[in-house]
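Okay, so chain A shows up in both of these, paired with chain B first and chain C after.
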Partner chain A sequence: MTRKKPISDRVADWLPRLVMAPSLLVILVGVYLFIAWTGWISVSSSRMVPSYDFVGLEQYYRLWATPRWHIAVVNLFIFSSLFLLVTMGVGLVMAILLDQNIRAEGALRAVYLYPMALSFIVTGTAWKWILNPDLGVQKVVNSLGWEGFVFNWITQPTFAIYTIVIAAVWQSSGFAMAIFLAGLRGIDNSVIKAAQIEGATLPRIYASIIVPMLRPAFLSVIVLLSYIAIKNFDLVLAMTNGGPGNATEVPSTFMFQATFRRNQMGVGAASAMMMLMTVAAIIIPYLYSELKESRNGH
Partner chain B sequence: MTAIQTFVPAAAELTRPKRTATRARIFSATLLGLFLLFQALPIYWIVRMSLMTPNNVLTRPDFLPVEPTLDNYRTIFTDPSWYMSYVHQISYVALNTVISLAVALPAAYAFSRYRFLGDKHVFFWLFSNRMAPPAVFLLPFFQLYSAVGLFDTPWAVALAHTLFVVPLAVWILEGFMSGIPREIDETALVDGFSLPRFFVTVFMPMIASGIGVTAFFCFMFSWIELLLARTLTSVDARPIVVTMTRTASTSGMDWGLLAAAGVLTILPGIAVIWFVRNYIAKGFALGRV
Partner chain C sequence: MVTEHGSAARARRIGRLVIYGSLIALAAFYLMPLWVMITTSLKSLDEIYGGSFIGLPRSVTFEAWSKAWSQACIGTSCTGLKPYFVNSLMMVIPAVLLSTGIGALNGYVLTKWRFKGSNLVFGLILFGCFLPFQAVLLPMAQVLGKLRLSGTIPGLVLVHTVYGICFTTLFFRNYFVTIPDELTRAAQIDGAGFFRIFFSIMVPAALPIMVVSCIWQFTQIWNDFLFGVSFTAGDSSPITVALNNIVNVTMGRKQYNVDMAAAMIAALPTLVVYVVAGRYFVRGLTAGAVKG
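On to the complex of A and B.
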């Protein structure tokens, strides 16, 4: 032991750097070089092919002067806020119920995992059918005798974005539930017992003791769901393809269209940079709080 | 993990009158049942549609499949543009999983075993990169691949996905590795194992469940990702998720065929989940998923 120690010390010195090198290099080149490149394109006059002149913020002005981009931003806002609220609500309630009904967990664990294995394209196809007024829910209810029943949101420009929220909630609520459930399992039961001896009711205990203790779970759910919301592309493509009209345009579909269909590479790059900045605005405070916590922990 | 094993169903039935407890239990069971139904119904609907002819799909709202047929599946398995899409997708997903694990395993080991300057920062920084929206990388990947001739190959998609998956893989693996006492490494090294040999023959079997969970997430990310897969391929490497969108946007909707393709994309996921279902909870418990 005593004689080997210097060697393992020396190993400890160079090994981490050596094994880290490939992945760090990949990340460094891949992430930063590519982001820089996209950033550069966003301040150039690129249209169909990249050009490397500098035109300042012209592409950003053009981006913000495009009505479609405004629709995309508003939709992103509607979609993300509703999607986060409903998914977290459903996920939290289901996690609490599941935490109480331990026996049901075996069966449910499989079920809440399966939507994760589904491509948004498949989800979108299923929901497109279900929400189609001539095929899905509306037709089934009509054929059951309620002739006047109308549920045609997916064809209505004002409501179509909400149908995408429904499908996204369906896909992600099991995932949110799993994270909340893991958080609930980490809470010591003696806390609940103590509160009960004090005479608190169960809903009260959950509202004022348990939920505040789930703060780390809330943080990870919020970060992961906002990421899903901002990169949302597949679901829109499968369900409405941006329509009716441009009513369900979101930033990802806008970026794809501008860059690869309408030869506005500069505008596309500018929209991608705007998305990146939005994510950064959410992630950096989260990272900061995580770092601060881990520093206090050690 | 211990938290899960030692968990006793909380509070509900400890001190409260029995009747309220039973009523609360029925209420919560009903809600859970409804949630289950909500989660299962669209999947059932896809399976149902995949077993019907185009005409029946459009005209019959019955709950059970009408005149069930395997024609849709037959079309997929006989038309090369369909079944080759599966081959393409499986090949880039497999490539991505293997590359990501090979890169992430040593990196995660370094994070869990050595303290080096700024390791905590590097760790979080690595993870934060996973959050960059794929749209930012579309253009550079597209240009780079067009320049070096990788465009429209399985490697193109696999390498692009690796960028997103490696940080996540390091993150999950580190959680599992930190659960293994450091003394085991030290003992093995003293016993004359070289580090690589120790890592492969002793350490990796010990975290097999962690590797399984990580592989699952690599697989899943790559299997359902669309934006990069769609942009970086055109014909020769076009994956099934993209083929499905192309069909949807051109010749009207062949619901039955789309549904059958959808069911076939679900199957590998179900198989993988089946293998790792008991370990996933551990991943969640570590807060690493």
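On to the complex of A and C.
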């Protein structure tokens, strides 16, 4: 028993770890080291090229003193709250409607979900065209006889951000629907039957029994949609390119512009760190609770 | 009694009507942008400026499609989308295969060969699924420059493989957890080694999740814009970047039909995959919401 294991056995013992090692290394570098690196740039005086001196939180002060960044943060707030609310509402309604023994449910589900398979650049291009006041929806309604109808939000600084909400809701509500529908299918039918025997109407049953039972689905949808909202970049770029003026600037477009177009690498890195912290504050507790639950479940 | 029964049935029928009506109205709203894209791409420019937006084209012409494919100008070179479509293919195929293969191995180790700290490793990888890429753009640009890969397709393959591993590992890990350990343990007792078990037990069992992983990765990488626009310029851009350039040309009379045809060309590969294998795509989509 004291004899050492033959070398081939010891290699075999380590094999799983050896197979895992390259991936782990790549993730440690590509995710964690790179985050630290960005953090480092954010406390340096980098402008056009990275320089690795230390200037404390100067770039963060500069960032928060930039009016453009304030617009970006306010826009993100408006965009994400509306986007989350409407997407969840529409997704929930679609899921409930689809859960009523619908014929051709599969086909309808496919129609509601196909936008998720498309690039935001593609859908942004389409929506930009639809919302174009000279040729799109406004013109159609005008030519139908309602001459005074105006729908030119995409060209109005105060309203342009709402057009991005419309496109984003259209693209993502099928996704919310899919998660809610999976949640609904997991609910025992006997609950509904029992409530019906007690004399409750269907809308009541949904409002006071079924929707509260969807809490885990709500949590997932909120977290995943927040993540989509924060990293939203392509859609803004394709629809308004941050304009008119910088009315639809969001943190992701701000970061890109500062870093790659305006030679403010330090400020860009600081804005990236702000975005990362926001995402981390939402995602880490979520992942933690999901992992803990599944471990208790086993 | 009879009338009460009748009115209840009528209420039920009206309810069904409302439900179907709403579902169909929603479907129309979802299909509208696609409809507008397709019809616009088949119209002539005169017809578009003449005021036809939502209707069918009076005369169908594929001129805009051929222009978008082989003549439209991206920056100063008027090559159409063709070379960029090829770029995207050259980027997406190796990146999908690499990330799926590596993810399969990772999922296998993390479920059947757990070691001390393997849960931590999984947690570290999992957070990568939700990384806002803005936080790694700058260092990645530096490293790609050092590796002499900036502005190249292999550079993009590398980037997409690295960040793709997170999702593929999640897919395979969650799938392999459901395969009973007894199966692999029995094989081990029979003398099968690490790779033997992987190739003769796990891989055959993992075909559905492989499809999910490939489709998910294909869609994500094909549709990527941020990495493409940050790390490439000119000839080596993927199709999403080229499309954005075509659409944002400001010179002359705007060719909306060409824009829409270009958007359709960029959308077709993922759209076809969705139509053919939508079921698997939805599974990938909801994987982030399924317990780890």
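The criterion applied here is as follows: the second predicted complex is superposed on the first by the 269 of 298 C-alpha atoms of A that agree within 3 Å, B and C clash if a C-alpha of one lies under 4 Å from a C-alpha of the other, contacts with A are read in each partner's own complex, and residues count from 1 in each chain.
The working rule: contacts are C-beta pairs under 8 Å (C-beta built on N, C-alpha and C of every residue); 3 or more make two chains touch, one makes a residue touch a chain.
For clarity, every value in this text was computed on a predicted model and none was experimentally measured.
*Asks:* Clash or fit: how do chain B and chain C relate after the overlay on chain A?
*Replies:* After superposition on chain A, chain B vs chain C: clash.
*Asks:* Going by the contact rule set out at the top, does A:V55 touch chain B (first), chain C (second), both, or neither?
*Replies:* neither
*Asks:* Have a look at where A:I205 lands relative to chain B and chain C in the superposition and call it first, second, both or neither.
*Replies:* The answer is first: A:I205 touches chain B but not chain C.
*Asks:* Of the two partner chains, chain B (first) and chain C (second), which one does A:R185 touch, if any: first, second, both, or neither?
*Replies:* Only chain B is touched by A:R185; chain C is not.
*Asks:* Quick check for you: in the superposed arrangement, does A:S220 touch first (chain B), second (chain C), both or neither?
*Replies:* both
*Asks:* A:K193 contacts which: chain B (first), chain C (second), both, neither?
*Replies:* first
*Asks:* Looking at the overlay, does A:A238 come into contact with chain B only (first), chain C only (second), both, or neither?
*Replies:* both
*Asks:* By the touch definition at the top of the document, which applies to A:I78: first (chain B), second (chain C), both, or neither?
*Replies:* In the superposed model, A:I78 contacts neither chain B nor chain C.
*Asks:* Identify the residues of chain A that lie in both the chain B contact region and the chain C contact region.
*Replies:* Correct list for chain A: 12, 15-17, 19-20, 22-24, 26-27, 30-31, 33-35, 37-38, 41, 50, 93-94, 97-98, 100, 102, 108-123, 125-127, 129-130, 135, 139-140, 143, 170, 174, 178-179, 182, 220, 227, 230-231, 233-234, 237-238, 241, 251-252, 255-256, 259-260, 265, 268-269, 271-273, 275-276, 279, 283-284, 287, 290-291, 294.
*Asks:* So in the complex, which bits of chain C are touching chain A?
*Replies:* 19-20, 22-23, 26-27, 29-34, 36-37, 40, 48-49, 51, 53-54, 102, 105-106, 109-110, 113, 115, 118-119, 121, 123-128, 130-140, 142, 162-163, 165-166, 169, 193-194, 219, 222-223, 225-226, 229-230, 240, 243-244, 247-248, 256, 259-260, 262-264, 266-267, 270-271, 273-275, 278, 281-282, 285-286, 288-289, 291-292
*Asks:* Can you list the residues on chain B that touch chain A in the complex?
*Replies:* Residues of chain B touching chain A: 3-4, 7-12, 14-16, 24-25, 28-29, 31-32, 35-36, 38-40, 42-43, 45-46, 49, 57-58, 61, 103-104, 106-107, 109-111, 113-114, 116, 119-122, 124-126, 128-129, 131-141, 143, 162-163, 166-167, 170, 186, 189-190, 195, 220, 223-224, 226-227, 231, 241, 244-245, 248-249, 255, 258-259, 262, 265-266, 268-270, 272-273, 277, 280-281, 284-285, 287, 289.
*Asks:* Note which residues of chain A are touching chain C in the complex, please.
*Replies:* 12, 15-17, 19-20, 22-24, 26-28, 30-35, 37-38, 41, 50, 93-94, 97-98, 100, 102, 108-123, 125-130, 135-137, 139-140, 143, 170, 174-175, 178-179, 182, 217, 220-221, 224, 227, 230-231, 233-234, 237-238, 241, 251-252, 255-256, 259-260, 265, 268-269, 271-273, 275-276, 279-280, 283-284, 287, 290-291, 293-294, 297
*Asks:* Within their complex, state which residues of chain A touch chain B.
*Replies:* 1, 4, 8, 11-12, 15-17, 19-20, 22-24, 26-27, 30-31, 33-35, 37-38, 41, 50, 90, 93-94, 97-102, 104, 107-123, 125-127, 129-130, 135, 139-140, 143, 170, 173-174, 178-179, 181-182, 185-186, 189, 192-193, 196-197, 202, 205, 216, 220, 223, 227, 230-231, 233-234, 237-238, 241, 251-252, 255-256, 259-260, 265, 268-269, 271-273, 275-276, 279, 283-284, 287, 290-291, 294-295
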